[in-house]
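The two complexes that follow have chain A in common; it is paired with chain B in the first and with chain C in the second.
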Partner chain A sequence: MKDQKNFVHHIRPIFVPSKALSVLYTFCLGGVSFLAFVVLGVTGLLLMFHYQPGNSTGFSSLLTLASVIPYGGMIRNLHYWAGQLMVVTVNLHMLRVVWTHSYKPPKQLNWLVGVALLMLILFLDFTGYLLIGSQESGAAATVAVNILGLIPGLGIGLAQVLFGEPSAISGSTLVVYVWHCFALPMIALFLQLYHFWRIRRDGGVRPL
Partner chain B sequence: MARSPIKDLTEKEGIASILFIVLCTALALTFPAGLGTSNLAPSASHAVAPWIFGPFQILLLYLPPWLGALVFPLLIIAGLAALPWLVDYLGDKLGQRIFMTLIVLVMVLLIWFMVKEVWWI
Partner chain C sequence: MPRQLEWTRRAVLRLAWVGVIAASALTIEPLVQYLTSKEDRLQSTLVGYSKPLDVNSDWQNTANARVWVKRDSLGVMALVATCTHLGCEVHYHVEKKEWLCPCHGSIYDLEGRPISGPALKALPRVAVELKPDGSLIINTSKQVGMDTRV
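Right, the complex of A and B next:
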């Protein structure tokens, strides 16, 4: 597999096991998860033109988006459903990997990257939920801050880093917004590219 | 003449992509994303987590916070991350069985949440 170490060779592989070309082998779940990530990126970028984070502005800007901005509601619906579907496809992808034993050596590092990606995607989903700025988001933010507070020594500082001001009543804070719109997607994108590259680097998918 | 793997890969990923976009658009057109309750409205007596975090809410309802919110989820994540080494150490059958137990546990918690709470969006 020396010839496939370059990232470009993931996009244009020289060799692909014939079994891996069958739709029933991977169900395209990894690729579809990445497509969901792209849809989330595009719709999220469009939402950023109108969304204003903040206790008083988060919820109201979403109301404006849904009722006043042309296609605003549709863009938000697409963003929401792409996020929900991504959680489903990522979990199914993980089940498929276990089913086909694709986590075994030499692919254990890629499995770890996949687990990290799953955690990141769940946290992205959570921060997205907080950004709605509703009462429910506020309750979720309070629960999350209290849970982190249980970690001795680190908890309160970690809550400040992840959620901003813990007294926020709606969950929609500038800190959460920056995590959701920039920091987490950037980390997730980097890990996904590394994840793809390692598939070929570790020898591609193996037949059952 | 053998077909190019690129053509095969592009075809199947392309079809899967189109199916995904169609499903996502159909859901977006049919079921609007919920907004919840405004924080200017009177306080709701009970907050329900989104379905993704339903298992977490059930754990928090029935277990002490340090156990349900920290130890238990961290054990699940650690078990998931350690799967390749668990299988290597315990053997294929036992390792896979532990993984399936984790999956079944999460699914039971999710179904429990759906039955117990008024859930949707």
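Right, the complex of A and C next:
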């Protein structure tokens, strides 16, 4: 394991622990999560061609996208269900890591990276919900802004940076859009690549 | 002598690649349709109608599929065929003289007043302007009352 510094050997190692080859050990939950992430990236990019963020345009553009644009409904639903799947699989992945004691040294750093990724994915899920731009998402955005506002001093500024100024009847703002479509996925992607690299460095299981 | 076909692991995987590429090729046409769709571009709120309208004619569709015009003894009116429940396009059924919504079954009478189904409000009427040459300009952004005629 220690000799596998080469990138190719990293992806296709010469040796892997035989125990790690068992699917029942990991249930491939991390791999399924990453697959969902890739699906989300591709379908999300496609959605960006027709979705218009904004309090007044978000919901109506989504309705047009899902009901009028050819295959728009399918792409939207793929994005939605891949998102739902990913939230489920990352949580199960975390449970599995706890179950097999895989958070213990030498993997303690990768566990922390995983926790950060879980937070990112949940926040991506939440911002995606806001971008629907329905009345419910407006209520959700209002609650989030008010909770952040409780933080003394920083709160109101933080809410501005994370959510912009959502209206009570639509959570879709340009700020949320930028976080959801670019900033958060990029941070999540680089953390994931580090997460995978770290598995091998810690002598862990075989990736997908 | 023909080479015997052997289902080695390599042969199966190669065939799988062909399948993946073929499946990807099938997505090209839908993708092009999706990406080039102009259905969500901003449309003018003004719609023209230049054909002659007889008195007591039936509803006539204009260039915009959701805008309909009709003339009765009092004048010309224009209606937007968008269901007041959740915004589906309602269809006019000539034989029944009714507007039917395909989504949740709302029914409107000839004048666009709701008869049954979840919709409670009448189909919106919009402003019509009569030009000197007899053609009509319908302004879909300006709602008017049920009794307004031009």
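Observations
Keep in mind that, in the parts below, the second predicted complex is superposed on the first by the 194 of 208 C-alpha atoms of A that agree within 3 Å, B and C clash if a C-alpha of one lies under 4 Å from a C-alpha of the other, contacts with A are read in each partner's own complex, and residues count from 1 in each chain.
Here, a residue touches a chain if its C-beta (ideal position, glycine included) is under 8 Å from a C-beta of that chain, and two chains touch if they have at least 3 such contacts.
The model shown is predicted, which means the values in this text are computed figures rather than measured ones.
Taken together in the superposed arrangement on chain A, chain B and chain C fit without clashing.
When both complexes are overlaid on chain A, the residue A:G73 reaches chain B alone and has no touch with chain C. Legend: residue contacts after superposition of the two complexes on their common chain; A:L193 is shown touching neither chain B nor chain C.
After overlaying the two complexes on the shared chain, residue contacts for A:L154 are found with neither chain B nor chain C.
Once the two complexes are overlaid on the shared chain, A:A139 sits against chain B while remaining clear of chain C.
Once chain A of one complex is fitted onto chain A of the other, the partner contacts of A:V32 are limited to chain B, with no touch recorded for chain C. Residue contacts after overlaying the shared chain place A:A183 against neither chain B nor chain C.
Using the contact criterion defined above for the overlaid structures, shared-chain residue A:L63 touches chain B and also reaches chain C.
When both complexes are overlaid on chain A, the residue A:L174 reaches neither chain B nor chain C.
Between chain B and chain C, B contacts the larger number of chain A residues.
When the shared chain is aligned, no partner comes close enough to touch A:M48: not chain B, not chain C.
Rounded to the nearest 10, the angle at the Cα centre of chain A between chain B and chain C in the chain-A superposition is 100°.
When the two structures are aligned on their common chain, the gap between the nearest CA atoms of chain B and chain C comes to 9 Å. Taken together, the two structures place residues 63 of chain A in contact with chain B in one case and with chain C in the other. Of all residues in chain B, only 5-6, 8-9, 12-13, 15-17, 20-21, 23-25, 27-29, 31-33, 35-41, 43-44, 47-50, 52-53, 60, 65-66, 69-70, 77, 80-81, 83-85, 87-88, 92, 96, 99, 103 touch chain A in the complex they form. Touching chain A in their complex are the following residues of chain C: 30-31, 33-35, 37, 39-40, 87. In the complex of the two chains, the chain A residues touching chain C come out as 46, 49-50, 61, 63-65, 68-72, 75.
Here chain A touches chain B in the complex through residues 12-13, 15-16, 21, 23, 27-28, 31-32, 35-36, 39, 55, 59, 62-63, 66, 73-74, 76-82, 84-85, 87, 89, 95, 98, 101, 103-105, 107-108, 111-112, 115, 118-119, 122, 125-126, 129, 132-140, 143, 146-147, 150-151, 169-170, going by the rule given at the top.
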